[in-house]
Amino acid sequence: MDERTLRRLLARVKAGEATVVEAVAALKAAPFERLGDVATLDTHRALRHGMPEVVLAEGKTASQVATIARRLAARGPLLVTRLAPEKAGPARRAIRGARYDPVSRTLAKGRMDLPVRGPVAVCCAGTSDIPVCEEAVVTLGVMGVEAIRVYDVGVAGLHRLLARRADLERAVAVVVAAGMEGALPSVVGGLVGKPVIGVPTSIGYGASLGGIAPLLAMLNSCAPNVTVVNVDNGFGAAFVAGLVARG
Amino acid sequence: MDERTLRRLLARVKAGEATVVEAVAALKAAPFERLGDVATLDTHRALRHGMPEVVLAEGKTASQVATIARRLAARGPLLVTRLAPEKAGPARRAIRGARYDPVSRTLAKGRMDLPVRGPVAVCCAGTSDIPVCEEAVVTLGVMGVEAIRVYDVGVAGLHRLLARRADLERAVAVVVAAGMEGALPSVVGGLVGKPVIGVPTSIGYGASLGGIAPLLAMLNSCAPNVTVVNVDNGFGAAFVAGLVARG
Amino acid sequence: MDERTLRRLLARVKAGEATVVEAVAALKAAPFERLGDVATLDTHRALRHGMPEVVLAEGKTASQVATIARRLAARGPLLVTRLAPEKAGPARRAIRGARYDPVSRTLAKGRMDLPVRGPVAVCCAGTSDIPVCEEAVVTLGVMGVEAIRVYDVGVAGLHRLLARRADLERAVAVVVAAGMEGALPSVVGGLVGKPVIGVPTSIGYGASLGGIAPLLAMLNSCAPNVTVVNVDNGFGAAFVAGLVARG
Amino acid sequence: MDERTLRRLLARVKAGEATVVEAVAALKAAPFERLGDVATLDTHRALRHGMPEVVLAEGKTASQVATIARRLAARGPLLVTRLAPEKAGPARRAIRGARYDPVSRTLAKGRMDLPVRGPVAVCCAGTSDIPVCEEAVVTLGVMGVEAIRVYDVGVAGLHRLLARRADLERAVAVVVAAGMEGALPSVVGGLVGKPVIGVPTSIGYGASLGGIAPLLAMLNSCAPNVTVVNVDNGFGAAFVAGLVARG
Amino acid sequence: MDERTLRRLLARVKAGEATVVEAVAALKAAPFERLGDVATLDTHRALRHGMPEVVLAEGKTASQVATIARRLAARGPLLVTRLAPEKAGPARRAIRGARYDPVSRTLAKGRMDLPVRGPVAVCCAGTSDIPVCEEAVVTLGVMGVEAIRVYDVGVAGLHRLLARRADLERAVAVVVAAGMEGALPSVVGGLVGKPVIGVPTSIGYGASLGGIAPLLAMLNSCAPNVTVVNVDNGFGAAFVAGLVARG
Amino acid sequence: MDERTLRRLLARVKAGEATVVEAVAALKAAPFERLGDVATLDTHRALRHGMPEVVLAEGKTASQVATIARRLAARGPLLVTRLAPEKAGPARRAIRGARYDPVSRTLAKGRMDLPVRGPVAVCCAGTSDIPVCEEAVVTLGVMGVEAIRVYDVGVAGLHRLLARRADLERAVAVVVAAGMEGALPSVVGGLVGKPVIGVPTSIGYGASLGGIAPLLAMLNSCAPNVTVVNVDNGFGAAFVAGLVARG
Amino acid sequence: MDERTLRRLLARVKAGEATVVEAVAALKAAPFERLGDVATLDTHRALRHGMPEVVLAEGKTASQVATIARRLAARGPLLVTRLAPEKAGPARRAIRGARYDPVSRTLAKGRMDLPVRGPVAVCCAGTSDIPVCEEAVVTLGVMGVEAIRVYDVGVAGLHRLLARRADLERAVAVVVAAGMEGALPSVVGGLVGKPVIGVPTSIGYGASLGGIAPLLAMLNSCAPNVTVVNVDNGFGAAFVAGLVARG
Amino acid sequence: MDERTLRRLLARVKAGEATVVEAVAALKAAPFERLGDVATLDTHRALRHGMPEVVLAEGKTASQVATIARRLAARGPLLVTRLAPEKAGPARRAIRGARYDPVSRTLAKGRMDLPVRGPVAVCCAGTSDIPVCEEAVVTLGVMGVEAIRVYDVGVAGLHRLLARRADLERAVAVVVAAGMEGALPSVVGGLVGKPVIGVPTSIGYGASLGGIAPLLAMLNSCAPNVTVVNVDNGFGAAFVAGLVARG
């Protein structure tokens, strides 16, 4: 039942053309999800989430990505993740002004314009984790949140991390990507009293089990301010950090 | 918004005390879940599921179980599962006519009265699987579905199973519990052209991994008519079989 | 020993051409599976299962598939699953009227003609799950069961699912494919009082463990009407749903 | 080098008793961890984290807990988690005004007094998850953050959750505990545009693998605003939510 | 349908008391497993397997064990495995001459009397594996096969094993139990050219994963004459070794 | 110390050219593995194992395989396993009379000539398991043991297996390969009282976990005469069965 | 063949009482493990390992432990590990001067007297890891190696670890026990250029999987000087560190 | 605070331009990681670890590797690991005198010149493990430590290992690589009283789980002198062995 139908029904009640009993029955029978409140839920969700729908390119064809991305880009900021270079062509050509970044494998355009309380730091242990971090940085960019890169500060060389403490202090939330033993979020979590979002990465071999080892490590962090997202999910970590940044 | 409120709003529209615009706004703003359709959803669900809410006693205290069970028993048939003998006392005393069965660890009273297309066969490989089967049998009883017990027909002695084929043929669905290698559902599935619901049991040791071995076996069944429920979940298997039996 | 041979043997006993001892020996020596009851088991199974043997193309060569499929197609409806496009050629050319669908990777021809009680709904959470769903839809087609597609109704946007409730209500069984967290079967199971067959899909990455994460989720469903099949097994889920639909 | 030593060194520089070069050498050679900044780091951490050190009672004796807790309670608010009732006695007697709660198994006293932006909602799927939720509620209490309880809103009965949407909307962050299939965080994450912290619980059996099934589900959430903590870690989830609430 | 019934039916056909049609119907309807060949299958199996049914006491009550064991003991040799001392009383009292052994937790009586080609060696790495070995030794005893104990010959002290090579050479098959790293079967397999049956034991802790570590090791043995049974399954290993010994 | 050196030493003792003390010292100092007994150990092992060293081609280059295989073929029967067709060329050309079989991916020449007690049956559930079975058949051929192929007798169509019972009875040991749920060894083990060696295969998908599901099933077999080898290890299973066949 | 037998054989060769051919045969046939070199292997091993055999009390009875321990104590230093307090009585009474420590659950007496290059540091993250560390400390004590305790220096409070750097520098090897995320060995490994032996502990819950999470973390350490032992194996780590300390 | 700033501050104290109190405050506030001690930590670490930073080529591009390697080679010995032949070109051309080894996939130049106590033995079970061993040998070479190759000494042919015992005795530490059942480190650990570093390799199939099977075996070694590194981590094992060799 859309608003027009509802309006008409009420008008008929008002005009005496429909009884109250009939109207109650009609309203009760109406699938509630067609009522205004629900019909606009989708829009609300987009608004509230502070981010239009994001396209996960993995598992979609190049032309599917292009079609969906163009439609979304027409309505607001755009973010496509996990878009392999060889599949990015059609979407890039379809959307003017979209920036494709082969390191983070993202296609992005525009940025949200919502009030933000402060920047988000994005850390990683080693250079191999940078693609995951850059996915986070691009995501924060589209959310309109400043990202502070704190890269290559692995725990086997603590001084590198300690030297960047001022940058960590400045942030309102910290995204920390780490593969191998996944210890960095615990150490960062001990240094700063802010939400730390750990992103285990699939960097490693053998007993790293494709990122499960650092994932388990982060879940068992002795720093109580660490939460965790899926392996290599730089986008998700940045999205939550961005929500925190907006307050 | 409950029905009375809705009725009053419509009366006010009819009486000219509220404009159509106001009424539309009120209806849109009303949390849809308070509308009749949704408010009765719970009841609908119970009706449709053909089974009142079932109480999983595990993780509840004896008195919690008794309180909840009494409330439910007042409204219709009752089924409490995973109720250890030492915790069953208060509930048994609270509900007249409830049958407690220490083998299946169930407390039950009454039975549903819905049309049923035929019986459900409940099979198991060995005597150790019987408690899981009996949970299924009691569940079917409360659903008003006849259960045919086909016990101790493990695959290492095929003749025992083949001797019971007539019973399998008579059923409209088959529940098959098996621990260890969990092969029985595949064999039964090959014999009868009906939905077979496999229940892996935690019977076994070492590489049975608490029932994960037969669970994996059933998920990989070469018989295409086999679906699977959680380890030791005789209730769930019987519930689905009962739904099939009702048509 | 088929029925004709048996008949002839008995006629010879009756006619005194064979002694009782000879007949007993013949009957005992006959591999029992050659006796009528057993000898027709294969056929019976096909009949009862309501589906001729289905060809799993994976692990077979293109020409093996073509040979087997042609033989089966000569006897009745045909279904080949997991047939990659690059391997489909020979079978397509060998069988007139067979439909190859690159999305579901199925080759199908004809349909069973058995009484059916109602349609089966086939749901999925996201567009990436569609190939698995289409395998289910094609399977239902060959079984002569109507399929209602309810796609892209993931749990992170409930209104999409709620809007399709009427379709779910119309079905006699529901197939629900979901990757990632695999939550959709539980939500659907809570909405409809019918058998829900969950199909975990391998859509996801990292901690999805190739579909094991949604598989575990579905096995632990809090909705008691959910049973589960193997990862990506759209065929199996549809087959069971089809059996339920036939009653 | 403690402050007194430093002071003396500087006095000697001032007095000309030590050259600048000598002082530089001394300061460089001093183990930095003995400098004031580091020696007070601990205090800083406590301040920044907005929470004094929390005592995990598991694995400690009753008297160890009492000793540590009394020392901490003397300095500010106190929180002891995972404190079994039979071990709580000494600590309760040792600390006046401490509240022991047998459901959440926490001992708490006092509350932080820092500015807070809004309340945190604490949700769970079933009554068995309540102890984990209550640990979160007590934690938020000590942090001085209002907790909104939204209990028993499992996904198999969506209307229960939808009925509480206003409460979810009011919160600045949401803690969601769920066992079994762990689907609730995804559904809540789809409803509200705020950080959702999922807490898998060990409620379930068989394929729940002691909480690993819901843990995997939450890590694979299709709602991008979900992050995850360890199984049954209500404290950790609440701590992060409290940090978000403080902004 | 046993042979006598069949005989009678055929006699009635011969006598004209039953028509061919009737006889065909009767033969087809008869559960084939009641035919001589199948009806005697059970007995055949026991004979062929060279071992009457063995009772796994785990999961049965003391009186259930006693009842079953007495029935079996009346028919031939008896073996009950995994019978805890506190549960052994009734069975011991019920069966005269039965030997209960608390180390192997077996109850046994009598021995098979079949021709045997030679002895079986039973080895283990450490004293903690002895209970599993003794279960094997008792099993071999009931099978009428000589067992050669070769205990405490772990791979970290090779000379102990090498000193017993003559004993290994004398055996026709070797059972090797090992926990921890489970290396012994590979080393034994390299020394003797006979079937080696590895029994992983649950001796160990941490990464032994309850016996899964030695299980995996044995499955990956570089000695090609090693096969494996379930964790702690001394009975199964001895049973197969006994079959080999009988030739 | 090879035999010639030993001989010479003893000759010098005899001739008085070396004292007994000197000879004792020389013999003790000699690395014992250079003594005849040990130096011939290798040969002994080959003899006892009844099989010259077998070449696992996987992980070796085509020319490495050719070199090793030619050397071995000069000394007796030859078996190369896991030799991909594209890597077989050099070895085939290097060894006259060697038979390369692309199905089993083996290169073989000659056969052992040792007394054998009877044939070995090689069974599999489906046609996809045939390569593993053929590896077993070729292995038995090189061992000089007759192989009885019993293929495509999966448990979902029991009559196929029952029809081949005479063949199973004739064998002295049975190799059973099965993927998916891995149930066939249990069923075969229940039919015949002989050693059954289960070979889990990697046939399957999703929850088959690359063969781990049937592996677990076989380890948990309820038939006590089943032992297990590694996934796809047709060679190992046949080797043990061949040892049993030789008695 | 012991030395005397050898001597006699050679004397007979010398005397012409035995031919060279006979002597060669005898020497070849002699089981090499009876030669002096091998017969003394055991003693050599004890000497070389620098530690008499250590008793793992777990899985042994109190009286078994007492018997074995007394025998060992008579020959040199004694170490019994994993000896629960309630089982320690007999062994304590049996051996004068033995020290039982309930924290590390060890019984020890005496110490080795071999040259040592320097002390070993024993670190842990939290107080719950102390029992594992104390097992290491007692082990080092029996080996005659000085242990430097560096406790409660978890990575979430780096300053605590940095403050102890001088102690770490002084050690020639470092044992690091850590549960939860197991990050401490990596951080210590980054600070000191010495062998670091990581001991994952079973401290933690949920996703710590009984110590598997820190075990995986340590195996994936980004510090290349970290090796790992089994969960809770403080003895093993200390033993290796002690070997390094001895040089 | 860098040295210049510190110098200036002290000068101002000396000059009376800053009070002692002001200077103390400034020094305490200064981020400690900018103090000399910390700024030089990196260099210290390199020196202490006895090895300049090692480049893990995996996950880097050929030109990234070349750039980093050239920079490092300018400062001292160079080691690049896991460098695939097709990616080695640029680095080889960029660095004169660098040796690329396609078996171990390493690029190396120069060697450290530090005192060494003795050689390190590098063992492996089979020829397929040689690449991992050669990575260890090259690493030892760059560390200036002699490597003794003891290859192809698998436990299924013990005499091969026993024949090399003198070589093992000569070493001060032993690196042992083994795939499949991973038993070699235990056997070697029993032979020599020195630190044995086990390297599980990914050689194997099926239940070897990509090296997890030998990894678990080594962690459960019954030889107490065995520690373990990650799967295929020949570099790490050699690095630790090299540290031990240096004493």
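Points worth noting:
In this document, chain identifiers A, B, C, D, E, F, G and H correspond to the written order of the chains, with residue numbering beginning at 1 in each.
Assume a contact is a pair of C-beta atoms (placed from the backbone, for glycine too) under 8 Å apart; a residue touches a chain by one contact, two chains touch by 3 or more.
Being a predicted model, the structure only gives us computed values, none of them experimental.
Pairs B-F and F-G differ in how many C-beta pairs touch across them, and the larger number is found at B-F.
Between the Cα centres of subunit A and subunit F there is a gap of 55 Å. Distance from the subunit C centre to the subunit E centre is 39 Å, each centre being the mean of its Cα atoms. Look at where the CA atoms of subunit E average out and do the same for subunit H: the two points lie 49 Å apart.
Chain contacts: subunit C has residues 32, 38, 45, 157-158, 162, 190-191, 206-208, 212, 215, 219-220, 230 touching two or more partner chains.
Pairwise chain contacts in this structure: A-B, A-C, A-D, A-G, A-H, B-C, B-D, B-E, B-F, C-D, C-E, C-F, D-G, D-H, E-F, E-G, E-H, F-G, F-H, G-H.
Residues 31-34, 38, 41-42, 45, 58-60, 200, 202, 210-212, 215, 230-233 of subunit C are the ones that touch subunit F when the two sit in their complex.
By the touch criterion given at the top, residues 3, 6-7, 10-11, 13-14, 16, 20, 23-24, 27-33, 35-38 of subunit B touch subunit A in their complex. Of all residues in subunit D, only 127-128, 157, 159-160, 162-163, 165-166, 203, 205-208 touch subunit B in the complex they form. Residue ranges on subunit E touching subunit F, taken from their complex, read 45, 47-51, 54, 117, 172, 190-195, 197, 215, 219-220, 224-230, 235-237, 239-240, 243-244, 247. Note for the complex: subunit A touches subunit G at residues 125-126, 154-158, 162, 179-183, 186-187, 189-191, 204, 206-209, 212-214, 216-223.
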